[in-house]
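In what follows, chain A forms one complex with chain B and a second complex with chain C.
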Partner chain A sequence: MSDVAQALGGASFTGFARVEELAPQGMISFRGDLSDPVVQEALRAATGLEMPAQRGIVQAEERALGWMSPDEAILLMPHAALGGVLVELRAALAGQHHLAVDVSDARVTFRLSGPGAREVLAKLAPVDLSPAAFAEGELRRTRVAQVAAAFWLSGAEEIALICFRSVARYVFDLLAVSAAEGGEVRAF
Partner chain B sequence: MLLIQCPYCDEALPELEFAYAGEAHIARPADPSALSDEEWRDFLFIRTNTRGPHFERWRHIHGCGQFFNAVRDTVSDRFLMTYKAGEPRPVLNALEAAE
Partner chain C sequence: MSRYRIPGKGRVDPSAPVTFTFDGRRYQGLRGDTVASALLANGVHLMGRSFKYHRPRGAVTAGSEEPNALIGTSRGPGRFEPNTRATVQELRAGLVTESQNKWPSLAFDIGAVNDRAYMLFSAGFYYKTFMWPRSFWDKVYEPFIRAAAGLGKSPTEPDPDTYASRNLHTDVLVVGGGAAGISAALVAARSGARVVLVDENPEMGGSLLSDPSIRIDGQGSWAWLADQLSQLRAAGVKLMTRTTAIGYYHQNMLGLVERVTDHLDQPPQGAPRERMWHVRAQQVILAQGALEKPLVFDGNDRPGVMLAGAAQTYLNRYGVKVGDCAAVVTSHDSAYYAAFDLVDAGGRVAAIVDTRPTVRADLVEATRKRGIELLTGHTATATYGRLRVKGVRVNPVSGSRVGAGRKIACDALLISGGWTPSLHLFSHTKGSLRWDAESRTFLPDHKTEACQIAGAGRGLWGYGPALEDGVKAGMAAANALGRNATPTGARVEGDRPGTGTSQKELPTDRSAGKAKAFVDFQNDVTAKDIRLAVREGMRSIEHVKRYTTNGMATDQGKMSNINGLMIAADALGKEPPQVGLTTFRPPYTPTSFGAFAGYHKGATFELTRKTPIDPWAEAHGAVFEPVSLWRRAWYFPKAGEDMHAAVARECRATRASVGMFDASTLGKIEVAGPDAVEFMNRMYTNPWTKLAPGRCRYGLLLGEDGFIRDDGVIGRLSQDLFHVTTTTGGAARVLNMMEDYLQTEWPDLDVWLTSTTEQWATVAVNGPNARKVLAPLVEGLDMSDAAFPHMSVAECRVAGLPARLFRISFTGELGFEINVPARHGLALWKAIHEAGQAYDICPYGTETMHVLRAEKGYIIIGQDTDGTVTPQDAGLDWAIGKAKKDFVGKRSLSRPDIVAPNRKQLVGLLTEDGSKLEEGAQIVLDPNQKLPMTMAGHVTSSYDSTALGRPIAMALIQGGLSRMGETVHIPMPNGTIRAKVTSTNFYDPEGERLKA
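This part shows the complex of A and B:
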């Protein structure tokens, strides 16, 4: 297999929190009626994860399954596993109205880590990121300054954020400026 | 900032994530080619332009991406309610009484 090129070559920045571009991961965009038990079962079988509720994301090791809208889910997994998952999904839902597409190269993933991670994002997104309001298991689709993005807690003091690859540099620079030393607000 | 209740995400979310999408409950004619020019003009351009509660479409464009309907007071900018696309038009009197 050819090497997968990173949008920013694995850029990173350390201020009062750390911002880094993660190695490319496998990402499948799934569209179909998520309330349909057949669809739920197919997703469960293909990912090994339970379908999360509204606005939720379920994670286990290197895999994740997230609710994007009533008819859209996102599946994350290691690159090497993607082909198998796609084949399995398509076989399980053959003849049924659905769409499962490899969108790994369409998006980039960033990781914010450190005690200030929430604050870096709180300055950029219209979301209450206080620990009381934004908890693990929630997948928040919103905007970061001028562009669409989605993020969730991927660990204690660690946030994963995905956005379109075409705006990777813009989002990285935003996060880096927001994380710059001296920019702490200490709201949380 | 206004908070708008998205009926699909089932949560009140910031206005920044939404986009206005025109007046609601305007049905496309079943047979467009049978319409006169005046009827077609009315369908395309003539809107109620209400002062007060207004039925309108919104889209949660930076979230779940779904279109839904809302009743918003054009004087106070207050959202009286939001409901899923395809659901019947709510009765205004009951809504105003509940305010």
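This part shows the complex of A and C:
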């Protein structure tokens, strides 16, 4: 659809790691009691994924289910599938207090890739990004410089990062500055 | 080879000469030198002029605590840095350096006239002298003092270098790479912990680098050191040199500054100059050693006078002899070893003068063996020479009597007044200190963070005890992490144990008032200044510090604090612990602004939030204004239009036909759940129970104090779902406030909240033709006034896009706000813009929005309110659900102050002469009263109204609502303006246009 505007038009930068703005994906913010078996079952049925543990994310193909807080989860899927997931969730939880909101457009997704991906992010986020502490399946909600962000490993040398759409340029510029050649730290 | 370089000594590379300049003269040093060691190798001791008296000064230390040898360094345009310590700056090829605080030259400095006027410039001089006449302070005294004071000159060009930052998490952070730190790091690392060892010097080793004669585990100390470093590397320890721990903050977070390129001849492409590390460690081990103090006596600051430990470092680490014939004055054993090393390297030491009556027998023996004269129970009462010390006068002391003086000729005077455990970082954590009466020093006591202190920082002396203590600290850290550590032992031969004492200024044979016995070299504070401060009534050490400036500035009293305390305690007749110690503040050493700024400069200095429609506004020449962190289109000038003309045109077009506005920045919150309506009733002042789905209402949010916090239109989409809008700046604050109440006050309510501010792009379409523009674009909704009246909300499709459509107005015109998913925001904007061409639709910005709303008396939170305005004050009583049992702020609305009659209330103002008032202008009731006048309020909003053909204003005025029709006065520089108090609803007061 030509009128679908990406915040930065798919910007990218290559330094000692690569930074790319990804095409918009479907994203649902789910509020509910994640310890409730009914909620867990509804999420499992809607996403086909197991409920992740605290600070965790479960990914398969183009879908993911992330733990954001004891009462908040994030669901990722192809945008085309979002409507169906919402309908399914609402049906499964009819009469059950919850809130599932399409937030696909509220956020942008960046991909950091290459052997230096962790290094780039470690300059900006107060998170232990060493391989020992931050492995696949871990999700962090934190800040990147001055703004809120969440990220997880989306591959062996690949990090997916989401932030609010309005700060896309700021975050992209920071990631690019941090990935610039000559700024390698090699602490991991 | 420079005259003072001793072949075969030191860790410098004799095969790698490095050329640099100092004050325009070329010198040669060696790779591994600092600027100070290279100058000393060339026989140059005079390196700067002092702060206040412009006294000639040389390097007094060999480390980062240096107060005297502060120089400017440069590496091309924009890369000048003042106040660099010559004792720290490593030589690099082509380094350009200059001395500071001198004119016309370092050797002949006019400012030294201050030294002659010493008696005038005593403590508190500024406070006493420059108080009269009072008006002189701003215009005469302060500029003069500022010009005369200070050391280096600030750089004038932007800094072209880049600075980096980095987060690091570790199990154990060890600060200080000396004997204690190394042994601590190794033990901790071998327990399996992740360990970082950091040292401010170019190489690890600490004082071991200055003590090559020590033997550890059968090896020379340098060989042992190399072996330990390879073991540390093998154990996975991250070794960081040229990295200073500048501050120790809460929860074991430390700031480290790594100097990445300052030592390099040619910095690599793209490399940052410095990197700030934010390290979060589970355990911290402080092994920072101790700092040597000077002795305080007349003339103790002359070039050539330096700490004994510094002379030992110059000799052993840099192969530099600090003079041909040295003398030593000391109160600590450590200075003897410096003298021994000098003699053993072929130098001469005229005498060791000890203030103590007795000295350890083996030291006496070793002194005699080397043919050095030993004078115990002596004091030093003067030094000779001008730009370089030529001798020292020493006198025997018996009881309180100072005997006849005797001059000892020397060209270097090594002094030691004992050592102060370096507890600056510990002090940053508010760790407490206790006074150790035996060593007369402060030692660490109660800890506030998960840290260990090891080695000389705990008052231990000698390598054996330091190594052992390091092992203990490493084990303690490992155990605290739940790991098993294995103790190791080290055998030290030829150790250099020592004790000493801290004391006040040395007894003198002349009038104490005339002596220039320096305590703080960097601030030019003498013993006399401290005694004067006490005489003038300063009792607390904090007051003494501020009155005299002792221990202030960049060195944070590293050399001066304890000596100053000893003197103050003596003057007060108290023991030092009763007088106390001032707090050391971060940073530990001076830190560049660049290191703090890191990536936060230029485009990434601060974030700018942009809406999905922002690119269109930019392409169409919008002028932007910042609104909280957003940038918003302010107005859209056409060719030749200024702001006034553009805004007038936008206002006219909107009132006459139709205008469109990007309202995407408004905060939006989804409030959902079976108790959503009850939650809304409790949060907002308005009643919500009877609001039908499909309808919306203006909502007012108060704080517990009853003052207005936020407002916005709130739509009820279904029984259990509200679409709440907030002000642009209030979005995050309101969501936080809601979550706070929900989680802490009303956990019984079944409500969930999610911010959707950025999910929706919002376009407002206002004006009599608004429906005509929109109706053809809307599917699935009857837009007629009957079916979709003012204050309605519906989900439908607009321009083929899924939308939430509100019929609301912030202009007083027929108005709609269309929300579509952000990705479609630009498409929606373009579609409306195209459809609106038939009606000459006019995009307008925030300024026009402000004018149009002001014409209707709609308030802007934060402009017409300031956190002290109640609903009654703002004329919004109607928004209060009077029948409601409770809502946030309800109780406060009946407080006596809140219902008092003369509160400032929001009213309209129309000037009699038709002039436009200034926002913020003060209002008085009686213009003829005497100055200072009693203010009755101020103007909050003021605009030229095209609709009314005259300026309008809103103002908060005492008792304003009861003053309708009265005249108030606004005194301005060009005369007093008269204005009539009116309603704030200037335009279409019946609201007919809304109902169109």
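FYI, the second predicted complex is superposed on the first by the 185 of 188 C-alpha atoms of A that agree within 3 Å, B and C clash if a C-alpha of one lies under 4 Å from a C-alpha of the other, contacts with A are read in each partner's own complex, and residues count from 1 in each chain.
What we mean here is this: a contact is a pair of C-beta atoms (placed from the backbone, for glycine too) under 8 Å apart; a residue touches a chain by one contact, two chains touch by 3 or more.
The structure displayed is predicted, hence computed values, not measured ones.
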If you stack the two complexes on chain A, which partner ends up touching A:Thr142: first (chain B), second (chain C), both, or neither? first
Is A:Gln54 contacted by the first partner chain B, the second partner chain C, both or neither? first
For A:Ser166, is the partner it touches chain B (first), chain C (second), both, or none of the two (neither)? second
Per-residue contact with chain A, leading partner among chain C and chain B: C
Touching A:Pro126, do we find chain B (first), chain C (second), both, or neither? both
Considering only the touch criterion stated at the top, classify A:Pro70 as touching first (chain B), second (chain C), both, or neither. first
Name the contact category of A:Arg107: first (chain B only), second (chain C only), both, or neither. second
Show me the chain A residues, by the header's touch rule, that chain B contacts in one structure and chain C contacts in the other. 126-127
Within the complex, which stretch of chain B touches chain A? 1, 8-11, 13-14, 16-17, 62-66
Using the touch rule from the top, collect the residues of chain A that touch chain B in their complex. 54-55, 68-70, 72, 126-127, 141-143, 148
Footprint of chain C on chain A - complex, ascending: 3-7, 24, 29, 31-32, 71, 97-99, 101-107, 122-130, 132-133, 145-147, 164-167, 169-170, 173-174, 177-178, 180-183, 185, 187
What part of chain C is in contact with chain A in the complex they form? 162, 164-169, 194, 238, 268-272, 275, 278, 280, 599-600, 603-604, 606-612, 630, 670, 672-674, 750, 752-761, 821-827
